[in-house]
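Each of the two complexes below includes chain A, the first together with chain B, the second together with chain C.
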Partner chain A sequence: MNENLFTSFITPMMLGLPLVTLIILFPSLLFPSSNRLINNRLISLQQWALQLMSKQMMSIHSTKGQTWTLMLMSLILFIGSTNLLGLLPHSFTPTTQLSMNLGMAIPLWAGAVITGFRNKTKASLAHFLPQGTPTPLIPMLVIIETISLFIQPMALAVRLTANITAGHLLIHLIGGATLALTSISPTTALITFIILILLTILEFAVAMIQAYVFTLLVSLYLHDNT
Partner chain B sequence: MPQLDTSTWLTMILSVFLALFIIFQLKISKHDFYHNPELTAKMPKQNTPWETKWTKIYLPLSLPL
Partner chain C sequence: MASVVPLKEKKLLEVKLGELPSWILMRDFTPSGIAGAFQRGYYRYYNKYVNVKKGSIAGLSMVLAAYVFLNYCRSYKELSESLLDCFASGGVSPDRVGLVHRLI
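Then we have the complex of A and B:
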(Lines of atoms letter the chains of each structure in order from A and count residues from 1; the text may use other names and numbers.)
(Lines give C-alpha, C1' and ligand atoms only; values in the text may rest on other atoms or scores of the structure.)
Protein backbone atom coordinates (compact mmCIF):
# COMPACT_ATOMS: atom_id res chain seq x y z
CA MET A 1 0.00 0.00 0.00
CA ASN A 2 2.93 2.31 0.67
CA GLU A 3 4.17 1.83 -2.85
CA ASN A 4 0.80 2.67 -4.40
CA LEU A 5 0.27 5.74 -2.28
CA PHE A 6 3.57 7.43 -3.08
CA THR A 7 3.84 6.61 -6.77
CA SER A 8 2.37 9.95 -7.78
CA PHE A 9 5.35 11.71 -6.16
CA ILE A 10 8.07 9.97 -8.17
CA THR A 11 9.84 12.40 -10.51
CA PRO A 12 8.60 11.62 -14.04
CA MET A 13 11.43 10.45 -16.25
CA MET A 14 10.92 8.77 -19.59
CA LEU A 15 13.73 6.36 -20.50
CA GLY A 16 16.24 8.54 -18.69
CA LEU A 17 15.03 11.77 -20.33
CA PRO A 18 13.94 14.44 -17.87
CA LEU A 19 10.24 14.83 -18.55
CA VAL A 20 10.01 16.80 -15.35
CA THR A 21 11.65 19.84 -16.97
CA LEU A 22 8.76 20.13 -19.40
CA ILE A 23 6.28 19.79 -16.56
CA ILE A 24 7.98 22.54 -14.60
CA LEU A 25 8.10 24.81 -17.65
CA PHE A 26 4.43 24.25 -18.48
CA PRO A 27 2.88 26.95 -16.24
CA SER A 28 4.92 29.60 -18.03
CA LEU A 29 2.83 28.83 -21.14
CA LEU A 30 -0.22 30.06 -19.30
CA PHE A 31 1.26 33.53 -18.84
CA PRO A 32 1.73 35.00 -22.33
CA SER A 33 4.12 37.92 -22.57
CA SER A 34 2.50 41.23 -23.40
CA ASN A 35 3.40 42.56 -26.83
CA ARG A 36 1.27 45.64 -27.15
CA LEU A 37 0.24 48.62 -25.10
CA ILE A 38 -3.34 47.32 -24.79
CA ASN A 39 -3.43 43.53 -24.74
CA ASN A 40 -6.06 40.89 -25.01
CA ARG A 41 -8.32 39.96 -22.10
CA LEU A 42 -6.14 37.23 -20.64
CA ILE A 43 -2.98 39.29 -20.51
CA SER A 44 -4.83 42.35 -19.23
CA LEU A 45 -6.36 40.25 -16.46
CA GLN A 46 -2.97 38.89 -15.47
CA GLN A 47 -1.47 42.36 -15.60
CA TRP A 48 -4.18 43.67 -13.28
CA ALA A 49 -3.62 40.79 -10.85
CA LEU A 50 0.12 41.41 -10.96
CA GLN A 51 -0.34 45.09 -10.20
CA LEU A 52 -2.65 44.28 -7.28
CA MET A 53 -0.17 41.79 -5.82
CA SER A 54 2.87 43.99 -6.23
CA LYS A 55 1.12 46.95 -4.58
CA GLN A 56 0.08 44.78 -1.66
CA MET A 57 3.42 43.11 -1.10
CA MET A 58 6.07 45.61 -2.11
CA SER A 59 4.74 48.81 -0.56
CA ILE A 60 6.40 48.07 2.80
CA HIS A 61 9.88 47.90 1.35
CA SER A 62 12.47 50.60 0.84
CA THR A 63 13.68 51.56 -2.63
CA LYS A 64 16.44 48.99 -2.44
CA GLY A 65 14.02 46.26 -1.44
CA GLN A 66 11.66 47.15 -4.24
CA THR A 67 14.27 46.09 -6.79
CA TRP A 68 13.25 42.55 -5.83
CA THR A 69 9.68 43.07 -7.15
CA LEU A 70 10.21 41.12 -10.37
CA MET A 71 11.69 38.19 -8.49
CA LEU A 72 8.94 38.03 -5.87
CA MET A 73 6.12 38.45 -8.36
CA SER A 74 7.40 35.68 -10.60
CA LEU A 75 7.85 33.55 -7.47
CA ILE A 76 4.27 33.92 -6.34
CA LEU A 77 2.92 33.31 -9.85
CA PHE A 78 5.13 30.25 -10.29
CA ILE A 79 4.21 28.60 -7.00
CA GLY A 80 0.52 29.51 -7.30
CA SER A 81 0.12 28.22 -10.84
CA THR A 82 2.14 25.06 -10.15
CA ASN A 83 0.06 24.24 -7.07
CA LEU A 84 -3.25 24.88 -8.82
CA LEU A 85 -2.29 22.77 -11.85
CA GLY A 86 -1.35 19.96 -9.48
CA LEU A 87 -4.97 19.65 -8.39
CA LEU A 88 -5.95 18.23 -11.79
CA PRO A 89 -6.32 14.45 -11.70
CA HIS A 90 -3.22 12.40 -12.49
CA SER A 91 -0.99 15.45 -12.75
CA PHE A 92 2.47 15.73 -11.23
CA THR A 93 3.00 18.64 -8.86
CA PRO A 94 6.62 19.80 -8.88
CA THR A 95 6.23 21.63 -5.56
CA THR A 96 5.88 18.28 -3.77
CA GLN A 97 9.55 17.67 -4.47
CA LEU A 98 11.79 18.77 -1.63
CA SER A 99 14.63 19.34 -4.08
CA MET A 100 12.75 22.00 -5.96
CA ASN A 101 11.59 23.83 -2.86
CA LEU A 102 15.12 23.82 -1.46
CA GLY A 103 16.32 25.12 -4.82
CA MET A 104 13.89 28.03 -4.48
CA ALA A 105 14.22 28.75 -0.78
CA ILE A 106 18.00 28.64 -0.28
CA PRO A 107 19.07 31.06 -3.04
CA LEU A 108 16.37 33.58 -2.16
CA TRP A 109 17.03 33.48 1.58
CA ALA A 110 20.79 33.59 1.02
CA GLY A 111 20.39 36.55 -1.33
CA ALA A 112 18.42 38.49 1.26
CA VAL A 113 20.86 37.72 4.10
CA ILE A 114 23.97 38.47 2.05
CA THR A 115 22.47 41.74 0.86
CA GLY A 116 21.92 42.66 4.49
CA PHE A 117 25.47 41.70 5.45
CA ARG A 118 27.08 43.62 2.64
CA ASN A 119 25.11 46.82 2.90
CA LYS A 120 24.09 47.16 6.53
CA THR A 121 26.55 44.92 8.37
CA LYS A 122 25.98 46.32 11.85
CA ALA A 123 22.19 46.31 11.58
CA SER A 124 22.04 42.77 10.24
CA LEU A 125 24.39 41.47 12.96
CA ALA A 126 22.24 43.28 15.51
CA HIS A 127 19.38 40.93 14.65
CA PHE A 128 21.17 38.25 16.64
CA LEU A 129 20.50 39.97 19.95
CA PRO A 130 17.01 41.26 20.72
CA GLN A 131 16.76 44.49 22.63
CA GLY A 132 16.65 44.44 26.40
CA THR A 133 18.02 41.00 27.20
CA PRO A 134 19.62 40.51 30.60
CA THR A 135 23.44 40.24 30.35
CA PRO A 136 23.92 36.62 31.58
CA LEU A 137 21.55 35.36 28.89
CA ILE A 138 23.44 36.94 25.97
CA PRO A 139 25.64 33.98 24.81
CA MET A 140 22.76 31.55 24.85
CA LEU A 141 20.46 33.94 23.04
CA VAL A 142 23.02 34.58 20.28
CA ILE A 143 23.25 30.83 19.70
CA ILE A 144 19.47 30.52 19.58
CA GLU A 145 19.11 33.42 17.17
CA THR A 146 21.81 31.98 14.89
CA ILE A 147 20.03 28.65 14.78
CA SER A 148 16.71 30.32 14.05
CA LEU A 149 18.34 32.26 11.22
CA PHE A 150 19.79 29.18 9.57
CA ILE A 151 16.60 27.24 9.92
CA GLN A 152 14.63 29.80 7.88
CA PRO A 153 15.35 28.34 4.39
CA MET A 154 14.81 24.79 5.61
CA ALA A 155 11.48 25.79 7.13
CA LEU A 156 10.42 27.54 3.93
CA ALA A 157 11.16 24.51 1.78
CA VAL A 158 9.78 21.87 4.12
CA ARG A 159 6.63 23.89 4.84
CA LEU A 160 5.68 24.06 1.17
CA THR A 161 6.61 20.43 0.47
CA ALA A 162 4.76 19.05 3.47
CA ASN A 163 1.58 21.07 2.96
CA ILE A 164 1.15 20.20 -0.69
CA THR A 165 2.19 16.56 -0.26
CA ALA A 166 -0.15 16.08 2.69
CA GLY A 167 -3.06 17.58 0.80
CA HIS A 168 -2.48 15.36 -2.21
CA LEU A 169 -2.14 12.26 -0.03
CA LEU A 170 -5.42 13.03 1.76
CA ILE A 171 -7.23 13.42 -1.55
CA HIS A 172 -5.80 10.08 -2.75
CA LEU A 173 -6.78 8.28 0.44
CA ILE A 174 -10.29 9.67 0.78
CA GLY A 175 -10.96 9.23 -2.92
CA GLY A 176 -9.87 5.61 -2.69
CA ALA A 177 -12.03 5.13 0.38
CA THR A 178 -15.08 6.62 -1.35
CA LEU A 179 -14.57 4.32 -4.32
CA ALA A 180 -14.22 1.24 -2.14
CA LEU A 181 -17.27 2.18 -0.07
CA THR A 182 -19.73 2.62 -2.97
CA SER A 183 -20.11 -1.14 -3.37
CA ILE A 184 -20.42 -1.76 0.37
CA SER A 185 -22.68 1.01 1.65
CA PRO A 186 -23.71 3.94 -0.57
CA THR A 187 -24.67 6.21 2.34
CA THR A 188 -21.20 6.13 3.84
CA ALA A 189 -19.82 6.64 0.35
CA LEU A 190 -21.93 9.77 0.05
CA ILE A 191 -20.52 11.12 3.31
CA THR A 192 -16.98 10.46 2.21
CA PHE A 193 -17.76 12.07 -1.14
CA ILE A 194 -18.89 15.23 0.59
CA ILE A 195 -15.68 15.15 2.64
CA LEU A 196 -13.77 14.84 -0.64
CA ILE A 197 -15.50 17.90 -2.09
CA LEU A 198 -14.73 19.95 1.01
CA LEU A 199 -11.14 18.76 0.91
CA THR A 200 -10.76 19.80 -2.71
CA ILE A 201 -12.03 23.28 -1.89
CA LEU A 202 -9.51 23.39 0.95
CA GLU A 203 -6.77 22.31 -1.39
CA PHE A 204 -7.57 25.16 -3.77
CA ALA A 205 -7.25 27.57 -0.92
CA VAL A 206 -4.07 25.91 0.34
CA ALA A 207 -2.51 26.07 -3.10
CA MET A 208 -2.85 29.82 -3.25
CA ILE A 209 -2.16 30.43 0.39
CA GLN A 210 1.10 28.50 0.32
CA ALA A 211 2.31 30.55 -2.62
CA TYR A 212 1.44 33.68 -0.72
CA VAL A 213 3.09 32.56 2.48
CA PHE A 214 6.30 31.59 0.75
CA THR A 215 6.56 34.90 -1.00
CA LEU A 216 5.55 36.83 2.08
CA LEU A 217 8.24 35.23 4.17
CA VAL A 218 10.92 35.87 1.58
CA SER A 219 9.76 39.47 1.49
CA LEU A 220 9.98 39.65 5.28
CA TYR A 221 13.53 38.36 5.24
CA LEU A 222 14.21 40.97 2.61
CA HIS A 223 12.69 43.71 4.73
CA ASP A 224 14.93 42.82 7.62
CA ASN A 225 17.94 43.11 5.44
CA THR A 226 17.44 46.20 3.27
CA MET B 1 9.49 8.45 0.26
CA PRO B 2 10.29 9.16 -3.37
CA GLN B 3 11.02 12.80 -2.64
CA LEU B 4 14.18 11.78 -0.81
CA ASP B 5 15.71 9.96 -3.79
CA THR B 6 18.61 12.27 -4.51
CA SER B 7 19.37 10.96 -8.01
CA THR B 8 16.83 13.29 -9.57
CA TRP B 9 17.62 16.32 -7.47
CA LEU B 10 20.07 17.88 -9.91
CA THR B 11 17.57 17.74 -12.79
CA MET B 12 14.83 19.24 -10.64
CA ILE B 13 16.95 22.09 -9.34
CA LEU B 14 18.27 22.97 -12.79
CA SER B 15 14.75 22.94 -14.24
CA VAL B 16 13.53 25.19 -11.45
CA PHE B 17 16.39 27.59 -12.05
CA LEU B 18 15.48 27.69 -15.73
CA ALA B 19 11.75 28.07 -15.21
CA LEU B 20 11.66 30.43 -12.28
CA PHE B 21 14.67 32.64 -12.61
CA ILE B 22 14.80 32.97 -16.37
CA ILE B 23 11.58 32.18 -18.23
CA PHE B 24 9.07 33.57 -15.78
CA GLN B 25 11.06 36.72 -15.18
CA LEU B 26 11.47 37.32 -18.91
CA LYS B 27 7.72 37.03 -19.38
CA ILE B 28 6.78 39.28 -16.53
CA SER B 29 9.38 41.91 -17.31
CA LYS B 30 7.64 42.50 -20.64
CA HIS B 31 4.49 43.77 -18.91
CA ASP B 32 4.20 47.50 -19.42
CA PHE B 33 2.53 49.38 -16.59
CA TYR B 34 1.99 52.71 -18.22
CA HIS B 35 0.78 55.87 -16.52
CA ASN B 36 -2.57 57.27 -17.53
CA PRO B 37 -2.14 60.09 -20.02
CA GLU B 38 -2.78 63.49 -18.43
CA LEU B 39 -2.78 67.12 -19.55
CA THR B 40 0.26 69.11 -18.46
CA ALA B 41 -1.06 72.37 -16.98
CA LYS B 42 1.76 74.59 -18.24
CA MET B 43 4.50 74.42 -20.82
CA PRO B 44 8.06 74.23 -19.46
CA LYS B 45 9.95 77.55 -19.60
CA GLN B 46 12.05 77.86 -22.72
CA ASN B 47 15.58 79.19 -22.24
CA THR B 48 16.60 82.29 -24.21
CA PRO B 49 19.89 81.85 -26.07
CA TRP B 50 21.90 83.98 -23.70
CA GLU B 51 20.63 82.06 -20.65
CA THR B 52 21.89 78.72 -21.91
CA LYS B 53 25.54 79.72 -21.69
CA TRP B 54 27.43 81.01 -18.69
CA THR B 55 29.47 83.99 -19.85
CA LYS B 56 32.34 85.80 -18.29
CA ILE B 57 30.34 88.96 -17.61
CA TYR B 58 28.64 87.30 -14.63
CA LEU B 59 31.91 86.93 -12.72
CA PRO B 60 31.88 89.62 -9.99
CA LEU B 61 35.61 90.37 -10.32
CA SER B 62 35.27 91.27 -14.00
CA LEU B 63 32.28 93.58 -13.56
CA PRO B 64 33.14 97.24 -13.91
CA LEU B 65 33.29 98.73 -10.40
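Then we have the complex of A and C:
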Protein backbone atom coordinates (compact mmCIF):
# COMPACT_ATOMS: atom_id res chain seq x y z
CA MET A 1 0.00 0.00 0.00
CA ASN A 2 2.59 2.55 1.01
CA GLU A 3 5.70 2.13 -1.03
CA ASN A 4 6.80 5.70 -0.49
CA LEU A 5 6.25 5.46 3.26
CA PHE A 6 9.22 3.14 3.62
CA THR A 7 11.56 4.82 1.18
CA SER A 8 13.08 6.88 3.95
CA PHE A 9 14.36 3.68 5.54
CA ILE A 10 16.33 2.50 2.51
CA THR A 11 20.10 2.56 3.01
CA PRO A 12 21.33 5.64 1.16
CA MET A 13 23.72 5.04 -1.71
CA MET A 14 24.92 7.52 -4.26
CA LEU A 15 26.20 6.26 -7.61
CA GLY A 16 26.90 2.94 -5.92
CA LEU A 17 28.98 4.52 -3.16
CA PRO A 18 27.82 3.86 0.37
CA LEU A 19 26.78 7.24 1.72
CA VAL A 20 25.58 5.50 4.84
CA THR A 21 29.17 5.31 6.15
CA LEU A 22 29.42 9.10 6.07
CA ILE A 23 26.05 9.42 7.77
CA ILE A 24 27.09 7.06 10.56
CA LEU A 25 30.35 8.98 11.03
CA PHE A 26 28.66 12.40 11.03
CA PRO A 27 27.74 12.60 14.77
CA SER A 28 31.41 12.36 15.67
CA LEU A 29 31.87 15.80 14.08
CA LEU A 30 29.58 17.26 16.69
CA PHE A 31 31.68 16.09 19.65
CA PRO A 32 35.03 17.86 19.43
CA SER A 33 37.84 16.82 21.74
CA SER A 34 39.99 19.16 23.75
CA ASN A 35 43.11 19.11 25.90
CA ARG A 36 42.36 22.24 27.86
CA LEU A 37 41.08 22.68 31.38
CA ILE A 38 38.60 25.40 30.42
CA ASN A 39 36.88 24.94 27.08
CA ASN A 40 34.42 26.62 24.79
CA ARG A 41 30.71 26.35 25.54
CA LEU A 42 30.01 23.38 23.33
CA ILE A 43 32.67 21.19 24.87
CA SER A 44 31.88 22.36 28.41
CA LEU A 45 28.21 21.43 27.96
CA GLN A 46 29.13 18.02 26.59
CA GLN A 47 31.60 17.36 29.39
CA TRP A 48 29.00 18.30 32.00
CA ALA A 49 26.43 15.97 30.45
CA LEU A 50 28.97 13.17 30.18
CA GLN A 51 29.98 13.50 33.84
CA LEU A 52 26.35 13.45 34.91
CA MET A 53 25.65 10.30 32.91
CA SER A 54 28.76 8.43 33.96
CA LYS A 55 28.22 9.15 37.64
CA GLN A 56 24.61 8.05 37.39
CA MET A 57 25.32 4.85 35.51
CA MET A 58 28.67 3.59 36.62
CA SER A 59 28.50 4.14 40.37
CA ILE A 60 26.74 0.80 40.97
CA HIS A 61 29.55 -1.22 39.43
CA SER A 62 32.60 -2.72 41.07
CA THR A 63 36.09 -1.65 40.01
CA LYS A 64 36.14 -4.34 37.37
CA GLY A 65 32.83 -3.22 35.95
CA GLN A 66 33.93 0.40 35.86
CA THR A 67 36.56 -0.45 33.27
CA TRP A 68 33.64 -0.51 30.84
CA THR A 69 32.89 3.20 31.41
CA LEU A 70 34.45 4.40 28.18
CA MET A 71 32.56 1.81 26.15
CA LEU A 72 29.18 2.53 27.73
CA MET A 73 29.53 6.30 27.61
CA SER A 74 30.49 6.18 23.92
CA LEU A 75 27.51 3.92 23.35
CA ILE A 76 24.98 6.23 24.93
CA LEU A 77 26.45 9.26 23.16
CA PHE A 78 26.38 7.49 19.81
CA ILE A 79 22.83 6.15 20.07
CA GLY A 80 21.50 9.41 21.55
CA SER A 81 23.08 11.64 18.93
CA THR A 82 22.13 9.33 16.05
CA ASN A 83 18.50 9.18 17.17
CA LEU A 84 18.29 12.94 17.67
CA LEU A 85 19.86 13.66 14.28
CA GLY A 86 17.29 11.34 12.72
CA LEU A 87 14.54 13.74 13.76
CA LEU A 88 15.84 16.39 11.37
CA PRO A 89 13.91 16.58 8.09
CA HIS A 90 15.00 14.28 5.27
CA SER A 91 17.71 12.63 7.33
CA PHE A 92 18.49 8.95 7.51
CA THR A 93 18.68 7.25 10.92
CA PRO A 94 21.13 4.35 11.04
CA THR A 95 19.52 2.96 14.20
CA THR A 96 16.39 2.07 12.26
CA GLN A 97 18.37 -0.71 10.62
CA LEU A 98 18.16 -3.96 12.56
CA SER A 99 21.55 -5.00 11.23
CA MET A 100 23.26 -2.14 12.97
CA ASN A 101 21.46 -2.62 16.28
CA LEU A 102 22.26 -6.31 16.28
CA GLY A 103 25.86 -5.38 15.57
CA MET A 104 25.85 -3.24 18.70
CA ALA A 105 23.83 -5.52 20.97
CA ILE A 106 25.32 -8.96 20.35
CA PRO A 107 29.01 -8.15 20.98
CA LEU A 108 28.27 -6.11 24.09
CA TRP A 109 25.98 -8.74 25.58
CA ALA A 110 28.37 -11.53 24.65
CA GLY A 111 31.27 -9.62 26.20
CA ALA A 112 29.41 -9.24 29.49
CA VAL A 113 28.32 -12.89 29.59
CA ILE A 114 31.72 -14.29 28.64
CA THR A 115 33.40 -12.07 31.25
CA GLY A 116 31.04 -13.52 33.81
CA PHE A 117 31.69 -17.10 32.77
CA ARG A 118 35.44 -16.67 32.75
CA ASN A 119 35.84 -14.88 36.06
CA LYS A 120 32.97 -16.05 38.22
CA THR A 121 31.92 -19.35 36.65
CA LYS A 122 29.92 -20.67 39.59
CA ALA A 123 28.01 -17.45 40.12
CA SER A 124 27.22 -17.11 36.39
CA LEU A 125 25.91 -20.66 36.20
CA ALA A 126 23.90 -20.07 39.36
CA HIS A 127 21.94 -17.39 37.52
CA PHE A 128 20.18 -20.13 35.61
CA LEU A 129 18.28 -21.27 38.68
CA PRO A 130 16.44 -18.77 40.88
CA GLN A 131 16.71 -19.36 44.61
CA GLY A 132 14.10 -21.48 46.32
CA THR A 133 12.56 -23.30 43.37
CA PRO A 134 10.82 -26.59 44.16
CA THR A 135 12.88 -29.58 42.99
CA PRO A 136 10.45 -30.98 40.36
CA LEU A 137 10.45 -27.64 38.53
CA ILE A 138 14.23 -27.39 38.19
CA PRO A 139 14.72 -28.80 34.65
CA MET A 140 11.98 -26.66 33.17
CA LEU A 141 13.22 -23.55 34.92
CA VAL A 142 16.78 -24.04 33.71
CA ILE A 143 15.48 -24.26 30.14
CA ILE A 144 13.41 -21.12 30.60
CA GLU A 145 16.32 -19.19 32.11
CA THR A 146 18.59 -20.25 29.23
CA ILE A 147 16.06 -19.05 26.70
CA SER A 148 15.69 -15.76 28.53
CA LEU A 149 19.45 -15.33 28.53
CA PHE A 150 19.75 -15.86 24.80
CA ILE A 151 16.86 -13.59 24.06
CA GLN A 152 18.56 -10.62 25.76
CA PRO A 153 20.61 -9.41 22.74
CA MET A 154 17.69 -9.92 20.38
CA ALA A 155 15.43 -7.91 22.67
CA LEU A 156 18.01 -5.13 22.96
CA ALA A 157 18.34 -4.77 19.20
CA VAL A 158 14.67 -5.18 18.30
CA ARG A 159 13.57 -2.77 21.03
CA LEU A 160 15.73 0.04 19.66
CA THR A 161 14.85 -0.66 16.02
CA ALA A 162 11.12 -0.92 16.62
CA ASN A 163 10.85 2.18 18.80
CA ILE A 164 12.73 4.47 16.45
CA THR A 165 11.16 3.06 13.27
CA ALA A 166 7.66 3.25 14.73
CA GLY A 167 8.17 6.84 15.81
CA HIS A 168 9.38 7.92 12.39
CA LEU A 169 6.53 6.11 10.66
CA LEU A 170 3.96 7.75 12.92
CA ILE A 171 5.39 11.17 12.15
CA HIS A 172 5.20 10.46 8.39
CA LEU A 173 1.65 9.17 8.61
CA ILE A 174 0.25 11.91 10.82
CA GLY A 175 2.05 14.57 8.80
CA GLY A 176 0.59 13.19 5.62
CA ALA A 177 -2.85 13.02 7.19
CA THR A 178 -2.61 16.66 8.28
CA LEU A 179 -1.72 17.71 4.75
CA ALA A 180 -4.54 15.68 3.24
CA LEU A 181 -7.06 17.06 5.71
CA THR A 182 -6.30 20.76 5.17
CA SER A 183 -8.36 20.82 2.00
CA ILE A 184 -11.24 18.85 3.51
CA SER A 185 -11.76 20.15 7.02
CA PRO A 186 -9.37 22.74 8.51
CA THR A 187 -10.52 22.13 12.10
CA THR A 188 -9.63 18.46 11.96
CA ALA A 189 -6.36 19.43 10.31
CA LEU A 190 -5.59 21.73 13.22
CA ILE A 191 -6.26 18.96 15.75
CA THR A 192 -4.06 16.61 13.76
CA PHE A 193 -1.36 19.27 13.65
CA ILE A 194 -1.42 19.58 17.43
CA ILE A 195 -1.13 15.80 17.66
CA LEU A 196 1.88 16.04 15.34
CA ILE A 197 3.58 18.59 17.60
CA LEU A 198 2.99 16.45 20.67
CA LEU A 199 4.30 13.44 18.80
CA THR A 200 7.46 15.28 17.83
CA ILE A 201 8.10 16.21 21.46
CA LEU A 202 7.56 12.57 22.36
CA GLU A 203 10.01 11.52 19.70
CA PHE A 204 12.71 13.77 21.11
CA ALA A 205 12.19 12.16 24.47
CA VAL A 206 12.10 8.65 23.01
CA ALA A 207 15.33 9.26 21.15
CA MET A 208 17.17 9.97 24.36
CA ILE A 209 15.33 7.43 26.48
CA GLN A 210 16.07 4.59 24.10
CA ALA A 211 19.76 5.39 24.20
CA TYR A 212 19.60 5.38 27.96
CA VAL A 213 17.69 2.12 28.16
CA PHE A 214 20.06 0.35 25.81
CA THR A 215 23.08 1.39 27.75
CA LEU A 216 21.43 0.72 31.10
CA LEU A 217 20.55 -2.82 30.16
CA VAL A 218 24.05 -3.52 28.95
CA SER A 219 25.39 -2.18 32.21
CA LEU A 220 22.92 -4.38 34.08
CA TYR A 221 24.11 -7.46 32.27
CA LEU A 222 27.61 -6.35 33.14
CA HIS A 223 26.73 -5.92 36.79
CA ASP A 224 25.34 -9.42 36.92
CA ASN A 225 28.55 -10.75 35.55
CA THR A 226 31.32 -8.85 37.37
CA MET B 1 60.36 44.67 -4.28
CA ALA B 2 59.98 42.93 -7.63
CA SER B 3 59.90 39.34 -6.31
CA VAL B 4 57.36 37.26 -8.20
CA VAL B 5 55.44 34.77 -6.07
CA PRO B 6 55.32 31.40 -7.88
CA LEU B 7 51.86 30.33 -9.01
CA LYS B 8 51.75 27.30 -6.76
CA GLU B 9 51.84 29.25 -3.52
CA LYS B 10 49.25 31.91 -4.34
CA LYS B 11 45.93 31.83 -2.56
CA LEU B 12 42.76 31.54 -4.66
CA LEU B 13 41.80 35.21 -4.48
CA GLU B 14 45.24 36.31 -5.71
CA VAL B 15 45.23 34.15 -8.81
CA LYS B 16 44.47 35.95 -12.04
CA LEU B 17 41.60 34.61 -14.12
CA GLY B 18 43.76 33.44 -17.00
CA GLU B 19 45.97 31.46 -14.62
CA LEU B 20 43.05 29.66 -13.01
CA PRO B 21 43.13 26.34 -14.92
CA SER B 22 46.84 25.86 -14.33
CA TRP B 23 46.39 26.81 -10.66
CA ILE B 24 43.68 24.18 -10.23
CA LEU B 25 45.85 21.55 -11.91
CA MET B 26 48.76 22.37 -9.62
CA ARG B 27 46.76 21.69 -6.45
CA ASP B 28 47.64 18.65 -4.38
CA PHE B 29 45.18 15.89 -5.28
CA THR B 30 46.90 13.09 -3.42
CA PRO B 31 44.84 11.45 -0.65
CA SER B 32 46.92 13.15 2.03
CA GLY B 33 46.44 16.46 0.21
CA ILE B 34 42.68 16.06 0.14
CA ALA B 35 42.66 14.98 3.79
CA GLY B 36 44.73 18.04 4.61
CA ALA B 37 42.22 20.25 2.80
CA PHE B 38 39.33 18.77 4.81
CA GLN B 39 41.27 19.18 8.04
CA ARG B 40 42.10 22.81 7.29
CA GLY B 41 38.47 23.51 6.39
CA TYR B 42 37.23 21.88 9.58
CA TYR B 43 39.60 23.88 11.77
CA ARG B 44 38.78 27.11 9.97
CA TYR B 45 35.08 26.64 10.76
CA TYR B 46 35.70 25.34 14.27
CA ASN B 47 38.01 28.17 15.32
CA LYS B 48 35.79 30.82 13.86
CA TYR B 49 32.38 29.76 15.20
CA VAL B 50 32.73 27.18 17.98
CA ASN B 51 36.07 27.56 19.72
CA VAL B 52 35.37 31.11 20.89
CA LYS B 53 34.79 32.59 24.31
CA LYS B 54 31.07 33.14 23.89
CA GLY B 55 30.01 30.66 21.26
CA SER B 56 26.33 30.67 20.41
CA ILE B 57 23.88 28.15 19.03
CA ALA B 58 24.65 29.41 15.51
CA GLY B 59 27.88 27.45 15.34
CA LEU B 60 26.05 24.15 15.77
CA SER B 61 22.92 25.19 13.83
CA MET B 62 24.83 25.99 10.67
CA VAL B 63 26.28 22.50 10.65
CA LEU B 64 22.86 20.93 11.16
CA ALA B 65 21.32 23.12 8.46
CA ALA B 66 24.01 22.04 6.03
CA TYR B 67 23.31 18.41 7.02
CA VAL B 68 19.59 18.83 6.30
CA PHE B 69 20.38 20.49 2.98
CA LEU B 70 22.74 17.70 1.91
CA ASN B 71 20.18 15.05 2.82
CA TYR B 72 17.57 16.93 0.81
CA CYS B 73 19.89 16.96 -2.20
CA ARG B 74 20.44 13.22 -1.75
CA SER B 75 16.72 12.43 -1.71
CA TYR B 76 15.64 15.05 -4.28
CA LYS B 77 14.93 12.49 -6.98
CA GLU B 78 12.52 10.38 -4.92
CA LEU B 79 10.79 13.44 -3.53
CA SER B 80 10.16 14.95 -6.96
CA GLU B 81 8.81 11.62 -8.24
CA SER B 82 6.39 11.28 -5.32
CA LEU B 83 5.29 14.91 -5.84
CA LEU B 84 4.50 14.07 -9.48
CA ASP B 85 2.37 11.11 -8.33
CA CYS B 86 0.67 13.38 -5.83
CA PHE B 87 -0.34 15.95 -8.44
CA ALA B 88 -1.41 13.23 -10.84
CA SER B 89 -3.95 11.90 -8.32
CA GLY B 90 -5.51 15.28 -7.61
CA GLY B 91 -3.64 16.75 -4.65
CA VAL B 92 -3.27 13.73 -2.36
CA SER B 93 -0.48 11.16 -2.25
CA PRO B 94 -1.51 8.08 -4.27
CA ASP B 95 -1.77 5.80 -1.24
CA ARG B 96 -4.17 8.14 0.50
CA VAL B 97 -6.56 8.51 -2.42
CA GLY B 98 -8.89 5.87 -0.96
CA LEU B 99 -9.00 7.62 2.40
CA VAL B 100 -9.88 10.96 0.87
CA HIS B 101 -12.59 9.45 -1.34
CA ARG B 102 -14.17 7.84 1.70
CA LEU B 103 -14.06 11.07 3.72
CA ILE B 104 -15.67 13.21 1.03
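By our rule, the second predicted complex is superposed on the first by the 225 of 226 C-alpha atoms of A that agree within 3 Å, B and C clash if a C-alpha of one lies under 4 Å from a C-alpha of the other, contacts with A are read in each partner's own complex, and residues count from 1 in each chain.
The criterion applied here is as follows: contacts are C-beta pairs under 8 Å (C-beta built on N, C-alpha and C of every residue); 3 or more make two chains touch, one makes a residue touch a chain.
Source: prediction; values computed, not measured.
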More chain A residues in contact [chain B versus chain C]: B
Partner chain(s) touched by A:A166 [first = chain B, second = chain C, both, neither]: neither
First, second, both or neither for A:A110, with chain B first and chain C second: neither
Partner chain in contact with A:I143 - chain B first, chain C second, else both or neither: neither
Which superposed partner A:L190 touches (first chain B, second chain C, both, neither): neither
Which of chain B and chain C A:S28 touches, first, second, both or neither: first
First, second, both or neither for A:L198, with chain B first and chain C second: neither
Touched partner set for A:T96, first chain B, second chain C, both or neither: first
Common ground on chain A, meaning residues reached by chain C in one complex and by chain B in the other: 7, 32
Interface residues, chain B side, partner chain A - complex: 1-6, 8-9, 11-21, 23-34
Complex contacts: residues of chain C adjacent to chain A: 42, 46, 50-55, 59-60, 63-64, 67-68, 71-72, 74-75, 78, 82, 85, 91-93, 95-96, 99-100, 103-104
Residue ranges of chain A touching chain B (in the complex, touch as defined): 6-7, 9-11, 13, 18, 20-21, 24-25, 27-28, 31-35, 37, 47, 50-51, 70-71, 73-75, 77-78, 94, 96-100, 102-104, 161, 165
Contact set on chain A toward chain C in their complex: 1-5, 7-8, 12, 14, 19, 26, 29-30, 32, 40-42, 85, 88-92, 176-177, 180, 183-184
